[in-house]
């Protein structure tokens, strides 16, 4: 099997985590593409924090509605059975535990399950709805590349970037592995195809628990 | 009490130094005509309470390039480099607030609450300066209410009694801001006679709205 | 002029306090009848705490709608321009200062402007929306008979019944007089026709301020 | 995920000792068929969170005469002598809460808030046992969130995805309770196919609703 493009590997693997009927909020950027890789019999309900549930695919060119956009401001659509509401209701849904899963990008994730994904030091331009999502969603999945462009680990002992929330990450999916955050800390669940446990450890600054059996991501 | 006004009439009480709430999310559901009028009037030293700073050439985002804003309360500035530059150069005071907390603070301002306790932001920079409380083993931040001198809204349909509906994702912060300002004006795509909106479909009751402006 | 029935005198005098365009909430009982005595050119907007504004007259017999009642559970109607909403919005309106005037009945009012109107000792069956209304409305008018059936003053130095709210009463209209609550305490504004200041003082346990000129209620 | 159920199916997980929220205001907007089913099942030791106790022979008020309630959180009992007698005889534990605070507590339970600060009830018996805070010269009570195991609602129109609308003053507490329970069931006068309600007119999004029962 030829090596898959790293970002595609990530979103394909995250897509396996989603179940029919779940209310899901996907962050801007990489997580957006998760919905393109759901199995045909998996029907999730997408929540868009600017005020609706039942988000559908982007409209065809020429069929955009200026009053219907996603949380990134891009043209969007609503499926039958969807509903619009105001921002207070939108975040009541998010903070109140009515979103089953959120999939978000990350800048750093640390051993305590802390997430930093909204700012780099010196460039603080706003957290949007990320802090509410990470605290409120029942399950938080971070989808990010394992290392920065210059090769440093984004899975660290302690986040150095401004935090989005503390101890809320449940699952981390990277181009190298899948890590679950347990009450005992991060546990390596799977490695990517053609990636060894030693490869993961070499690329990871955080201390990981390695079970006797580590699976292989099948996407 | 007919509430239909011209643009000029609707904002005649706008003065320097006021605090404005303006509806919209990345300029969607933003009252473009009312923002035009704020620009035409050239009032300065405004404090702006908005979800985000929109774009330099769209919605309330245009007020930054026009140098009318000295203070900003919002959750996201990422699409407006002009506002970011003003912040970085110290010309714009900025208070960032998580989006859900911002929505609740505006709602609390309109609902007569002294504040709300949220788990959002605990352990982050969002907790700076805020009271923390632990209740039943969970930690919360006390977020205080927000109110404004004026709220500028974008409605879909209005009636002459000020009842409003919004359309699709253009609803966002508009109904919240309608409750939390001393003077509330809405521009609407369509203005109907009193009673032209089914009372079960009204999204903002007319008692909150002081003036309605029809826009095409 | 023949003496007017005491309760009619009260509601007629309260009606004079209301202005066109005001949002008004009238309590169950005596205050309900205030709206029957508005001048023809005075159009107020009635708020009903069970969830609407623009309350109209009771429907004609046979035209009742089981889904449209007032806060006392009685058949009601809605005027053009009215709107329905949920109980959270209803009390956001009430507590948030969006009700200009509330007119409520009273069991006791005291020198500090405290009101007791929801319970007598030993019979605590619920405050309903009264506590929110008295705290939240911009102006609180109490409409009540001056004395109990056995002749005791309901205008007292200090309420002995369970309070509804503290220091919120702005105006008290009784069958004997009109009292305004100022930062210096209660001031006698008007006496009822054929009632003297001494009559009022004899019927009142609370200490009242008596200005040099006391008017006469004209209803 | 079709959510249409029979009455029997809809309440099959109801057990003794549960906490129920039931919509309605003096029995208007109260789910009579679902209450019938609670009575038929004869479950006991229920805690009831309702606006009021309705009347002995209407709405959720009937559950008192049937001896199914041991604890009650509400704002008004005045029209149900049966419930008052049970309280006076010590057979019914009652927590009275101002109506606006009750609405906010249920909303807070659904919205993930740790509580809200209200000026309502300060200086009255409603402040007993509650934290008082003074902020900017005004005193507030901390009101804590309420949640339930089940919420029983009365809707006007439902679709098979669980989206709900309510009619006139029958809306009241129903939309709030829809957000604040582990399991939410609504009876509706009319059930439509998925998409049969305009997404702008939905009052309770279907994601809150687990089961819908059509009633005539």
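Each chain carries a letter (A, B, C and D) given by its place in the written order, and its residues are counted from 1.
Basically, a residue touches a chain if its C-beta (ideal position, glycine included) is under 8 Å from a C-beta of that chain, and two chains touch if they have at least 3 such contacts.
Owing to the predicted nature of the structure, the values given are computational and were not obtained by experimental measurement.
Among the remaining chains, those touching chain A as well as chain D are B.
Interface comparison, B-C versus A-B: the pair with the greater number of contacting C-beta pairs is A-B. Mean C-alpha positions place chain B and chain D at a centre distance of 32 Å. Mean C-alpha position of chain B lies 35 Å from that of chain C. One simple way to say how far apart two chains are is to compare their mean CA positions; for chain A and chain C this gives 56 Å.
Distance between chain centres (mean CA atoms), chain A to chain B: 30 Å. Annotation for chain C: residues touching 2 or more other chains are 52, 78, 84-85, 88, 91, 94-95, 135-136.
Touching two or more other chains at once are residues 104, 107, 111-113, 118-119, 166-168, 171, 199-200 of chain B. Chains touching one another, given as pairs, are A-B, A-D, B-C, B-D, C-D.
Across the complex, chain C meets chain B through its residues 20-21, 23, 43, 45, 47, 52-54, 78-85, 88-89, 91-98, 135-136.
Within the complex, the chain D residues that touch chain A are 1, 107, 109-113, 159-161, 163, 179, 194-195, 197, 199-200, 202, 205-208.
Within the complex formed with chain A, the residues of chain B that make contact are 25-29, 51-52, 74-79, 84, 96, 98-104, 106-107, 118-126, 156, 166-176, 203. By the touch criterion given at the top, residues 104, 108, 111-119, 133, 135, 138, 140, 142, 144, 165-168, 171, 199-201 of chain D touch chain B in their complex. Touching chain B in their complex are the following residues of chain A: 48-52, 65-69, 71-73, 76, 78, 84-88, 90-91, 94-95, 114, 124-132, 135-136, 162-166.
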